[in-house]
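Look at the two complexes coming up: subunit A is in both, with subunit B in one and subunit C in the other.
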Partner chain A sequence: MNALQTHQALLAASDRRAVAKTTRRHVHLSPRPLVLVGYHLAGDPGAPLALMWGTSRDQEPRCMVVPEPRNRGLRFEALDEFAAEFLTYLSEFEDRDESGNCLDAPQLVVPNAATADWLGGIVGRFTRNLRTDGDAPAPPAVPLAGKHLSFFADLMPGSSLVLAATDVLTTHWQTGQLPSEDLNLAALLGWIDPPTGMDSPQAAREGEAAPPAGPDSDPHWDANSLAELIQEWHTAADAVSQSRVRRELEGEIRDQLSPAWTDCWRALDRLGLLPAAEHVAIRWQKDKSEWTNHCDRVAEGRAFFRNIPTPLQAATRLKILEDCTENLQREMAWDDPLVMATAVASGEALAGRVVTAEPERRTRNANGRAVRRPLITIEPALEFTRPAGTTLFLSTNPGVMLAVLSSDPGSNLIRAEVLKGANQSNTVGLLPNSGDEVVLSPYGKPEFYKRSKVEDIPWTHQQIIEDNPEEESQ
Partner chain B sequence: MTNTSDPLENFRGSFPRQPLNARRVAGALEAPGCQRRTVLDAAAVNLDKLGSLISGTPTDRQSPFALTRGNQFEQQVVANGMAEIVALARRHLALEIPEVRQHDLSASALSEAYPGVAGIKMNELRARLTRQRASEMLSDPSHAYNLIRHAMTRLDFGGEIVYLEQDVLAFAVDGRIHVVEIKSYPRIDGRADPVKASATVRQTAVYALSLQQLMVEIGARPDVVNTTTMIVLPENLSFRPTAVTIEIDMYVRRLRRQLASVPQATEIIQALSAGIRLPDHPAKGAGSDELTTAATAAREALAPLPPRFTDGCVSCPLFHHCRDEAEFHRSTSRLGSAVASACGNVTDIAAAIDLAEGRRAPADASEAAVAAALARGAAAARLAVGGVA
Partner chain C sequence: MKAAEAAATAQEEIWATVAAGSRSTLVDSPPGAGKSTLVRDIGRRSRQRAQVPIVVQTNDQADDMIRGFIADQQRGAPLVRVGRLHATSYVPPDDIRAQQGLTFSKSITDFHDSHVIVATAAKWATIGFDQSWPFAIVDEAYQMRSDALLPIGVMMESLLLVGDPGQLAPFTTADDTRFRGRPLSPLETAAATILTTQPATARFALPISWRLPSHAASLISDAFYEIPFTAGTHPQQRRLRRGVTPLHRGRAADAVRSATRDGWAYFELDDLPMPQTDPEAVATIVDIIKELLATDLTVEDEYGTRGLQPSDIAVGVTHRDQRDHVRTGLQDARTRTGVPVDDVVVDTANVLQGREFEIVVVWHPLSGRRDASEFHLDAGRLCVLLSRHRQACIVISRGGIRDQLASHAPTEPVWLGEMAPVLDGWHAHLTVLDHLMHHAV
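So, the complex of A and B:
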């Protein structure tokens, strides 16, 4: 753990209040998100028990319940109800500009990553290929909604198409509890946004006492309420008494899921108070084009998803994942001095004041030619011990690349010469002047002509031994 | 084996007992170095009941739906004379099982043949039979049972004997014993939940290790137990069983090392002042006064047992209690292992903050190092918020 993060955690615990890890908001917030919470039957993720959703905190959320989650017919009947409204919500984002790109993209907000994984990885995965003809057909909206959910399942770091509230909040705040306790949205919000007159650890305890945010329900509630209601539903003699049990169940479910639903909105409100970081809009642009692609694929009937990726797909995905992760980290650091500070604390980045700047400095390169290599001398604010030759980038202009030179013995000043980005007469103005406070970070602009596709299966993904050859051939 | 149960029995008193199983042994090892947990485990205290009593909220429940589903799956897998298991073992473990001779050593199966045997006697009987069957397997492979259900093996945990019930032991014609474990969480598109899968692996390692010890006891080589184990899971969302084989040798070796370093529970308890003892568990429907008194008594009994609070503690039934204690003592471990290890021997949150702010002079070289690191982190944050970037 980084010294800065450690200090923040200690501070959070001693102040009894979450500490901000960022000064900006690093996710996009949609003006019209779809907040979605739900439960599945314990031990059976394929049997949704209830979903609750809505696009406005002021309106009563919609609620779907399956009175007998193990009954396939009832399951699809209920999912159809959700699917219809889900598709209506998504259709609001199909308007396009003249170049064919969607004007905006939808945003799903769920309480935690487990809910996102369940909705995409299980509900989406097992409904997207359902047959709508033959015996016991599924309602057509269900597989279509499944395809959309599958799209939302497979997102990269930096995407804001799906926000898992706990993940987003822990990116922005540090609590004074165990990292695994942060997975509980109510407890996490207790740390970040305690009710007036209550200190955070106390508010977190109160949060813990609330019904779970899903997708797993409270086992005590299962045993004490749900089991009984399902039993009642089975014994209900006619449609009238069945619908009575159903209403009762819905009431119970609403009591269980409402806290999580409200907490999702609270999380969004809290995030909304932070100013958006600069790169958020750029990343959302990428999200919008992903959404446009997905819409095209759906419209053309090409929205297929592989259950098990081929080795090449897996390798490509891994590469993209690595690039996106790196990109996000870099962009967050550029946008946010407090994020950059973690790199300064770890010693990777250099923060300090420019003592002298020599924009006209020339040296001879290996070929003996004179080249312009401006030099800046920095008085570090914190000791900087990386060796000579370390390349760093100006945090305000990541295109400017500098190399640390060996410093004079006995002096704590760091000398860095410009390698590129500010050694032409038209770019040298990007260089800081003496007296400026600067940060030189390890985060440079990504290389321009980076190959984005993996062409050959790398050795890490070769030799996939199928342990069940019969199934493969089916 | 030494008979060490007395001080531990005294400690438990008449608090409900819960015999250890593989899951609990594996769970205990996830919280290494926790003397409190070691003593409670060695004394076979019912942790769920203790946790519920202290925290005042029941935590000892498993959803009836999850239980039903798990049982349904297991029944399906072992139905028809374990036909599914045999087929999976042939395919995944590449075992030649020309003829299946199976034997059920579960308590219910044995109670017919041995009426009147129950409790610890039954465990001993099952362990003895397991030992007998295993040695027959090795000495007379063509006639002995080669598929044993609910075998029972023994493991020494901190000086206490733990009885472990295994799902299935399969014996192959190549002279090696395999462990088969049945679980009910799904394997979706070839992947199972990594958290649950790793818990299963650790649990299976407990079985494999106890079997290895059994092999040594009957004079066979421990590597007769094949560490490539088979885990049977439902495929996708169906009840159709599928299997994965996992090489758990690494886990077994690690477990052996961990078990060897489990402090002897009796030593811990004898080092404490005599007479600490858990209260009796209040009867069902006891009044709140009685519950509070019992909870206080339980807290007092636990207080002298040093806990070790880490990230793995969340799954422990005593989590809430130990967390309150860590918070009360302002311990850095309250913030997780990463923070605690970054703070080294500075275990007090306030002291760590004081060191970082320079309000407190470091007492020794290691405190100085912690102070320097934290001060650097604090300074970096101040610089950033001060508008430098």
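So, the complex of A and C:
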């Protein structure tokens, strides 16, 4: 945690109200998201108990229940019901433009990261390879939905294809409670959006009293309601009484899941009040092309998901992951002064007012040649203690790279000379003028290196596993 | 001299294995055991057969490798034409720019007549795979990530990997959950990857540290290494002699006195939880550096006697913002006093890996923290910081480290399928702390 975040957390605690960490919204919000909440049987993530979903807060959400979650027949019957509707929702995003890219992409909204992990990592994983032929064929929609869920399980930082409400809210607001307490969506919303007349900690305590947002259910409810209904299901003599139990269970589950369902929409509404940051649209464009690729893979029967990637896949994946992580961090800082302020507070970035600007300054480089090195002198707003030689980038034009020079003794002014990006006659106009407020940050434009693609796994990464070496040598 | 014989024997054995055509050979080397000398020697010998690519991890290491080749030739080694393949933005340092027999280029096509080509692993990954080489040398194989070895494996038919197993393991800034515990994870070291895929790898260990003085070798060997090693020099061969006895009194002066006398000094500040950039720690380090330079030290060792230069001193820290604050402190001190204290090298453990100085001032990784996280406990980090010096090491820290170690249980997850670390950070830290306590000032 850096200095500004610590300050915000203390401020939130003393003001009894969440504090904004951003002035912009850093995720894309779809006009038609699929909000999805669910429970699995306690202690058995592979046994879904219920799912509730919908694309509009004004319509009654759809609900799937498995009256006996341990019964695989019932499980796949119920999953088939969900899969059919899930596929219908996804098919709305298959329209393409003339260059073959999907016009828009779906967006799943879940209450927390645990639900996203459960749906993608576990439900997706155990359904995506089910056989639709043989002795116990699965309904064809189930493995297809599993492939889609698996796609949504494997996203990069900065993607908005899946929004876990607690994660997105804590990116934008700081509460006065512990980070682990922020994992409870209802409590978190209590801090961010308390009902009128209630202070945040109070609203958070009320939220904690609500039924859990899943994927784990409330153990008291399990013991007092669920266990009894499952028992009734088993003792039900005929189809009529079974469907009565099923209806009763569905009513119970709706009561349990509805608060989380409503909270997801509240989270979206709250986020919708913030103006979108500049790079959100660019990142969503990337999401759309990921979605397009995935659709192509599904259409061509190539949508495979390896549990254990090859060394080549893992290396590629890690490279993309590292790039996305870094890009998200710097894009958020460029887009949002309050995010940039965390870098200023930690001393990595320099904020201040330009006192003098010398766009014509020339100096000699290492080879003795005269080169144009414009200089700006800045009066820092906060003490800046990085050494001479530190390279920084203009926050409004990250292509402009500057180096901090040693300051004059006794002066608090910081001198920075342009190394690149604003030392040509056509670019020098990018420099700020005296009197301007500027921020020089450590976030420069990413550099691209052309790397050769490794096609086949080389000998250094081929693991030869011999089942029985002795037998072979005979 | 016995040590020199043992080292020479090890080197000949390694060459015999390489010359016999072993596909993969791994040499474990403790700090300063002549790893770079070995790389250059094998490079020189095998250039008779074919051009030898040398893969290093950083540009500093590549430049040091080239300086090593130049120095060898000045001492009478046969001339080797060295190519330095580099990125577009790289500027050759002044001292090697104009040397004879060197080729600098950003394109692999310019090295037809070079005997050896030195470049970073990142640069080797960009040259396309049109060419291949029968044999290449990888330096710092325990610092290199497994994914960086992929392009090397495509181009090179056999490899000699050399590295220090006690150093910092490679890492990523991204969330690595998905890659942990996987077979041949991209986050493994290149050395571990080769050992997994090539069980027949010939494995050697260099037995002697030429860098560490005898009073440091035994501690570092005990605390951090599985295969023990010894110092190549006698206690009386290395000495720091004071030119003037400054009139200063105080703990910084005491620390310098202890370091010149015993080779170790431990400067403990009050036990307080502090921010990462603890201003008092920064001020203390600056004081110690000023004191070291004011003392006008002379270095005596097996090569002779010379005055201690600011660039012979390094300050090792854990975080980049600590580095920046110490550098700023030194620059300010220079502005005030005119003493070139800012010629002292200040860097993080990751960057100091593989480098060597006469005196190193270490900012203890656990100093001022309330917890003992895995990052700060990493035995490799402490090992790198404590094994860069030829003469003396001064450690500064907030008090209370023993309590931190005692009261913080490991919180990091255990990854199935991942080898347990050979070294226990707790044990290593306590061993070092027990030793330092004898040198507290």
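By definition in this document, the second predicted complex is superposed on the first by the 449 of 474 C-alpha atoms of A that agree within 3 Å, B and C clash if a C-alpha of one lies under 4 Å from a C-alpha of the other, contacts with A are read in each partner's own complex, and residues count from 1 in each chain.
Operating definition for what follows: a contact is a pair of C-beta atoms (placed from the backbone, for glycine too) under 8 Å apart; a residue touches a chain by one contact, two chains touch by 3 or more.
Given the structure is predicted, the values throughout are model-derived calculations rather than measurements.
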{"item": "First, second, both or neither for A:Leu103, with subunit B first and subunit C second", "value": "neither"}
{"item": "Contacts of A:His7 with subunit B and subunit C, given as first, second, both or neither", "value": "first"}
{"item": "Which of subunit B and subunit C A:Ile308 touches, first, second, both or neither", "value": "both"}
{"item": "First, second, both or neither for A:Pro409, with subunit B first and subunit C second", "value": "second"}
{"item": "Contacts of A:Pro387 with subunit B and subunit C, given as first, second, both or neither", "value": "second"}
{"item": "Which superposed partner A:Ile282 touches (first subunit B, second subunit C, both, neither)", "value": "neither"}
{"item": "First (subunit B), second (subunit C), both or neither touched by A:Leu321", "value": "second"}
{"item": "Residue contacts on subunit A - larger count, subunit B or subunit C", "value": "B"}
{"item": "Contact residues of subunit A, present in both the subunit B and the subunit C interface", "value": "3, 308"}
{"item": "Contact set on subunit C toward subunit A in their complex", "value": "23-24, 87, 91, 94, 122, 125-129, 146-147, 149-154, 159, 172-176, 178-179, 182-187, 193-194, 196-198, 275, 277, 321, 324-325, 327-328, 330-331, 335-336, 342"}
{"item": "Subunit C-touching residues of subunit A, taken from the complex the two chains share", "value": "3, 157, 308-309, 311-312, 314-315, 317-319, 321-322, 324-326, 346-348, 366, 385-390, 406, 409, 449-452, 454, 456-464"}
{"item": "Residues of subunit A defined as touching subunit B within the complex", "value": "1-11, 13-14, 23, 41-46, 121-122, 125-126, 176-181, 201, 209, 217, 219-220, 222-223, 226-227, 307-308, 337-338, 340-342, 344-345, 351, 381-383, 395-396, 437, 439, 467-468"}
{"item": "Subunit A-facing residues of subunit B, complex", "value": "57-58, 61-70, 91-92, 184-186, 188-190, 236-237, 242, 244-245, 311, 313-314, 327, 330, 332, 334-336, 338-339, 341-343, 349-350, 352-353, 356, 373-374, 376-381, 383-385, 387-389"}
